Amino acid sequence: MVGRSKQTPDLLVRSRFLWDRRLAKGDLQVADSAVHTTPAGDDPSRRDFIHIAAIAAAGGAAASVVWPLVSQMNPSADTLALASVEYDLTKIEPGQQVTINWRGKPLFIRNRTQAQIDAAVRDDAAELKDPQSDAQRHKEGKPQWMILVGSCTHLGCVPTVGGGEFGGWFCPCHGSTYDTSGRIRKGPAPTNLVVPDYAFLSDTKVKIG
Amino acid sequence: MLRKLTLIAAALTTLVAAPALAAGGAKHPHDIAYSFEGPFGKFDQAQLQRGYKVYREVCAACHSMKLLSFRNLGDKGGPFYDKKYKNPNDNPYVKALAAEIQVPDIDTETGDEITRPAVPADRFPSPFKNDYAARASNGGALPPDLSVIAKGRAGGPEYLAAFLTGYEAPPKGLTVPAGQYYNAYFPGDLSAGWQTDRKDEKDKDPVPPGGFVAMPPQLAPGKVTFDDNTPSTAHQQAVDVAAFLMWAAEPKLEERNQTGFAVMIYLLLFSALLYASYRRVWRNESH
Amino acid sequence: MSGHSTYEPKSGITRWLDQRLPVGRLVWDSFVDYPTPRNLNYWWTFGGILSLCLGVQIITGVVLAMHYTPSARDAFASVEHIMRDVNYGWLIRYTHANGASMFFIAVYLHMFRGLYYGSYKPPREVLWILGCVIYLLMMATAFMGYVLPWGQMSFHGAVVITNIIGAIPVIGGPILTWLQGGFAVDNATLNRFFSLHYLLPFMIAGVVVLHIWALHVVGQNNPTGIDPKSKADTLPFTPYATVKDGFAMSVFLVLFAVFVFYMPNALGHADNYIEANPLVTPAHIVPEWYFLPFYAILRAVPDKVMGVVAMFGAIGVLFALPWLDTSKVRSMRYRPMAKLYFVVLVIVCLILGYCGAKLPDDPIIPGLVTFQILESDLNSFVWLSRIATLYYFAYFLVIMPLLGLIETPLPTPETIASPALSHPATTPAGAVADAEKKG
């Protein structure tokens, strides 16, 4: 327990060990050799290999115990199962957009008309806050399919489709305006709407995530 | 005196550990040498596939398995695991098996309830909308959910296999209530329905083992065709579906055994190291 | 412990800290330099093992609580979610479930050690009582924890045990409704049991701190029951006790691992894998194995209220033990009559545990019909429980008080460090200590 040095307050109860008092009185001597039998030159050293090995093994055990406790906080299998979603595109008419739930966030799948595609390509050369060409934002050979994460890059509101002067998207929260390629044209948002990782499994089926 | 007491204790223990009938006086299931038993047990993938087929074609008509998803079929140790597809959601077999089954969903455009083909992320659908519908279709009895039934019944998969093939003709003198079936392995107390001609109380015929269950026998030879040409006897179907149910209840069994092996080796070595360290520390001290 | 701390902080930081909050000194005095009797045997390693168990349960429990849903609708499914979907969830859940059993195995061995070696006798009465408090808190925690998976045994076990509170005359009914949060065990009960189950282990940890403090004030008991009389009788806690405790913990973990990895459901009940159904009672309601002796005592008494009194009384006598035992000799090593009665007590506790799992009217020897006393055949588990319960209470209330007065103890050694004298089998009169002989 806490020692009785002068600086530390004596908060804890005194020892009641009998031997403490008898030793102080000078009673009871027991020959050291009755209990210690250290031959000359054989001091059990803290640096003995076996102790180091045991402590190292304990450290290894501790590390292998820590791993599952840390890993359990990673997304579980059911969350990961919903990490990717497949969508049938045949239901979306040209000019229409569908919003689905992907990884807990809205996902826009828009079937662009030719006019909308042309408008986007035309603005490739315009002054853009986050410069990107329209071709960089869709899959090759499929310019009509614009797939974007429906979260405004300013503070995360869901932009409405077709709004704003560029016919793309308009965010009602603070007025960010995106063009038909989802690029930021006006307003406080810093970057273009995010294009997620996706792939076409066929002409009519897309897998996102 | 101490020795005498210990002997008495040991004698008492053996006396009371007399062989007892299985729970509720039912017949004891035969032992089946399943591949997943023992510390190095592994599921037999072919058996699990056959078992899934039996579940899907026979049992799923009445029994839900709502804690399992189609993607679990492609998990490591599962019936359709393919190491090319570490993510079971990409496994084509799993996707095809899922797509065969219709699951309920809501049409996001109209709000109507619809059914659509399942994807791996979907849970196994229940055959009934709710428990009341299930009871109504089964004469008041509720077919239990099968997700963890292999752990939820004493005797485990061996009991399940014995039960499925344990429908015997009721012995003469046993009154079987309407809508029930006599099963020699199902735990129950038949003394109420048992009548014997013997007038003498002491020599009364012993009550037959087993109980009454609301489910009629379901397995029959050839009812399910196995894709690997295993002969489809009722016994084979029972053994295989019980193995599948054991996997469904304990999908991490293989991983548990493998981790256990590594942990035991490590702990035994660690104990040996610590013992040596202990002896070295205490080397020169009497204690 | 020595009255004077030998801690000497060597570096600047440790000196700085020592003057502001002497934690380093506390650790040094309590677990490094602390004088420990040199003759402790392996029964003394269970304190460390119990601390390990508490730590394991708290860590795995907090982690499980990240994934568990404490509602009647989702609890069962959330536990299965942990078993199937959460990374290593199966491992953490099985560790926590079997960890509770391991915790109780260790605590029972720890308590029986205390009974045998007289560790409850003066000046360790408060230490013993604190231990009983920890035991009570453990039982409450374990009971509530078992309810959480919301299986058939969880639910109906909760119904039976909460109805025990309802058995209290006059005020029992309203207290029961208050405890349940409704007219029956339901969602409200589950939610509050979850909250309390999370809380109680931290209270246990607090009482454990007091328990270790109380221990360090009076010093450890040892197998001879004789106080250390000189420095020769003790050794510093580190490395001597540290390495021995470490080895014992490692062996304990081997047993723990066998359960977790190879028979994780052996100590549980199959019915708990059936989702709770208030309308269907399991054929055979049994509590977890560590409650079986008390369950047997509860059912042994024919009267409902007296059964409850007997069950709580069985734990209550433990609190009174320091004053019930009149013997001047601590350790039963030197009390041959007491040793005998102690062994019978152990057997009786095992018998009570066995009876707790059986139906009261089932015959012990099948087929044998004897005569009926109090509406039960003598060849039945309820009568075995009754005899065993009688002995249990007699041990504490009759045998312990009387034995101290009538038995003749064996001569006790002068000191711990004269090992040849410390074990009665090797006591030559006035022999000189043989340093190599293990005490």
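For clarity, chains are labelled A, B and C in written order, and residue numbers in each chain start from 1.
Heads up, the rule we're going with is that contacts are C-beta pairs under 8 Å (C-beta built on N, C-alpha and C of every residue); 3 or more make two chains touch, one makes a residue touch a chain.
Owing to the predicted nature of the structure, the values given are computational and were not obtained by experimental measurement.
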The chain pair with the larger count of contacting C-beta pairs, comparing A-B against A-C, is A-C
Per Cα centroids, the chain farthest from subunit A: C
Taking the mean of each chain's Cα atoms, which chain ends up nearest the overall Cα mean? C
Distance from the mean Cα position of subunit C to that of subunit B, given in whole angstrom: 34
Could you put a whole-Å number on the gap between the CA centroids of subunit A and subunit C? 42
Of all residues in subunit B, the ones touching two or more other chains: 270, 274, 277, 281, 285-286
Check: subunit A positions touching at least 2 other chains come out as 34-35, 37, 51, 54, 58, 77-78
So which stretches of subunit C touch two or more other chains? 38, 84, 91, 239, 243, 246, 417, 435-436
Inside the complex, what are the residues of subunit B that reach subunit C? 1-2, 5-6, 9, 12, 15-16, 18, 20, 23-24, 39, 67, 72, 144-145, 147-149, 151-154, 187, 249, 251-252, 255-257, 259-261, 263-264, 267-268, 270-271, 274-275, 277-278, 281-282, 285-287
Residue ranges of subunit A in contact with subunit C within the complex: 1-5, 7-8, 12-20, 22-23, 28-30, 32-35, 37, 46, 51, 54, 58, 68-69, 71-74, 76-79
Mind listing the subunit B positions that touch subunit A in their complex? 69, 71, 75, 87-89, 119-121, 266, 269-270, 273-274, 276-277, 280-281, 283-286
In the complex with subunit A, residue positions of subunit C that touch it: 1-7, 19, 22, 25-26, 29-30, 35, 38, 59, 63, 66-67, 81, 84-89, 91-92, 123, 213, 216-219, 227-233, 239, 243, 246, 415, 417-418, 433, 435-436
As the complex stands, subunit C meets subunit B at residues 38-40, 77, 80, 83-84, 90-91, 94, 235, 239-240, 243-244, 246-247, 250-251, 253-254, 257-258, 260-262, 264-265, 270-275, 283-284, 339-340, 343-344, 347, 351, 354, 364-366, 417, 419, 435-439
